[in-house]
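Working notes, beginning with the structure itself.
By letter and in written order, the chains are A, B and C; residue numbering begins at 1 in each of them.
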Amino acid sequence: MIHRGEFVVGTNGRGTREITDEVARIVAKSRTSIGVATVWCHHTSASLIICENADSAVRRDLEAFFARLVPDGDRLFTHTAEGDDDMPAHVRTVLTQTSIAIPIHESRLELGTWQGLYLWEHRTSPHRRRVSVTIVGE
Amino acid sequence: MIHRGEFVVGTNGRGTREITDEVARIVAKSRTSIGVATVWCHHTSASLIICENADSAVRRDLEAFFARLVPDGDRLFTHTAEGDDDMPAHVRTVLTQTSIAIPIHESRLELGTWQGLYLWEHRTSPHRRRVSVTIVGE
Amino acid sequence: MIHRGEFVVGTNGRGTREITDEVARIVAKSRTSIGVATVWCHHTSASLIICENADSAVRRDLEAFFARLVPDGDRLFTHTAEGDDDMPAHVRTVLTQTSIAIPIHESRLELGTWQGLYLWEHRTSPHRRRVSVTIVGE
C-alpha cells in the first residue's frame, strides 16, 4: 500500500524548523504499521536534516558553522542574481538532504530519542516550502 | 510491484551530468503511478545530487566550491595511489549522495520546478559510471 | 512484503566500522529477491556512509579531513556540555547520512565492487549505536 501527503512550511528566512509532527500526522492517517516514509523537499535552496531535538543551541551552532563554511557573498560565486545568499543556499542544500527515508515501526516514525526532522531554510528572506511524504508499507 | 532499470553514464572527467531523463524513462516504462524510485550510484568516487537545473553557473560554482573545500593534492591525504584527485573524489562522494529516493506521483518523478538529478563525476579523467533505479509502487 | 531487523554496534570511540555484513544478513533472512533496504542510524552523533572498502587509508584520510573541517573545541560552538567533541559530532552527522536506501537485486545488496556500508562514530568515547533495516520488496 502506498499513501501520500504533503504540506507547506512558511519560513521566516534562514533557520531550521522542526517538521517531525507534520510528517508523523501523515503517517498516522495512513494507518501504516510497518514500512518507510520518504520525505521530499521540493526546492534547491532549502533542505532536510535529522538533528538533535533537545537543545536549540545545537541548531544555532550548526547555522554558525554553515555560515562560516559557505559564506554569503563569497567572491568565488558567479551565480549571484538573487543576492549574496543565493549560491550559498544551493551549496548548503547539496551538503545536506533533499530526501530522507524514515522507517515506520509499530505505526510510528522510528526516530531515536534525540532525533528530530527539520526543514532548513537557507535563504535569508521568508519563503513557502513544499514538502511531500510518500509512504510504502502495510 | 517492484521494477528495476539501470544505465551507464560515460563521463568526460570531473563535472556534473544531468540524468533526470534517464531515470524518468525507467519510471515511465514501469507504469508506476505512485511510489518511490531509489536511484543508486555504484561507485565511491562519483555521486548523486539534486541541484538547480536552470542556470549552469550554479554547477560551475558548486564545482569551484568543492575544489576549494577538498583540494586535489592536499598533503593531508595518504591514499594517493591513483593520483591527486583520488582521495578528494572519495571525500566529495561522502559529502554528497550515493542514494536518492525520489517520490513518484501521478506517474511522474515528483521533482520541484527547479530540481534536476545529476551524476557528479569527481575524478579528473573520464569514467563509465553505473546507475540503477529500483521502483517500489503501484 | 515488509521485513525488519536491527542490531547494535559497540564502538571504540571515533572511527568507522563496516556494517555491510550485518545488513546483508538481515536481507538474506528476509528472502527478498528485489527491493530496497532502508538502513537507519538512531543517533545524532553517529552516522552512515558508503565508502571505498579496499584500502583502510581511505577511512583514515576521511577521518583526518573531517577532523580538520569540523575541529573539536572550535570556539564557534556554544553547545559544549558533553565536551569538545559534542557539537562536532552533530555537525559531522548532518554532513553525512542518517538514512541510506540500498537496492536489493538477485537476493543481494546491490553494492558496487568497492562499496562498503560504514557506521561512523563521531564521539571520542565508546558508545552503543542502534541500527535498523527496513526491507520493502518481493
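Methods note: a residue touches a chain if its C-beta (ideal position, glycine included) is under 8 Å from a C-beta of that chain, and two chains touch if they have at least 3 such contacts.
Worth saying up front: this structure is predicted, and the values here are computed from it rather than measured.
Peer 1: Return the chains shared as contacts by chain B and chain C, ordered by label.
Peer 2: Joint contacts, listed by label: A.
Peer 1: Report same or different for the chain A and chain B interface, where same means the shared residue numbers exceed half of all residue numbers found there.
Peer 2: different
Peer 1: Suppose each chain is reduced to the average of its Cα coordinates; what separation in Å results between chain A and chain B?
Peer 2: 20
Peer 1: Which residues of chain C are in contact with two or more other chains?
Peer 2: 36, 69, 95, 97, 101, 136
Peer 1: Within their complex, state which residues of chain C touch chain A.
Peer 2: Against chain A, chain C makes touches at 2, 4, 36, 38, 40-45, 69-70, 74, 76-79, 81, 87, 90-91, 93-95, 97-99, 101, 130, 132, 134, 136.
Peer 1: Which residues, counting only chain B, touch chain A once they are in their complex?
Peer 2: Against chain A, chain B makes touches at 34-36, 49-52, 55, 57-58, 60-62, 64-65, 68-69, 95-97, 100-105, 110-115, 136-138.
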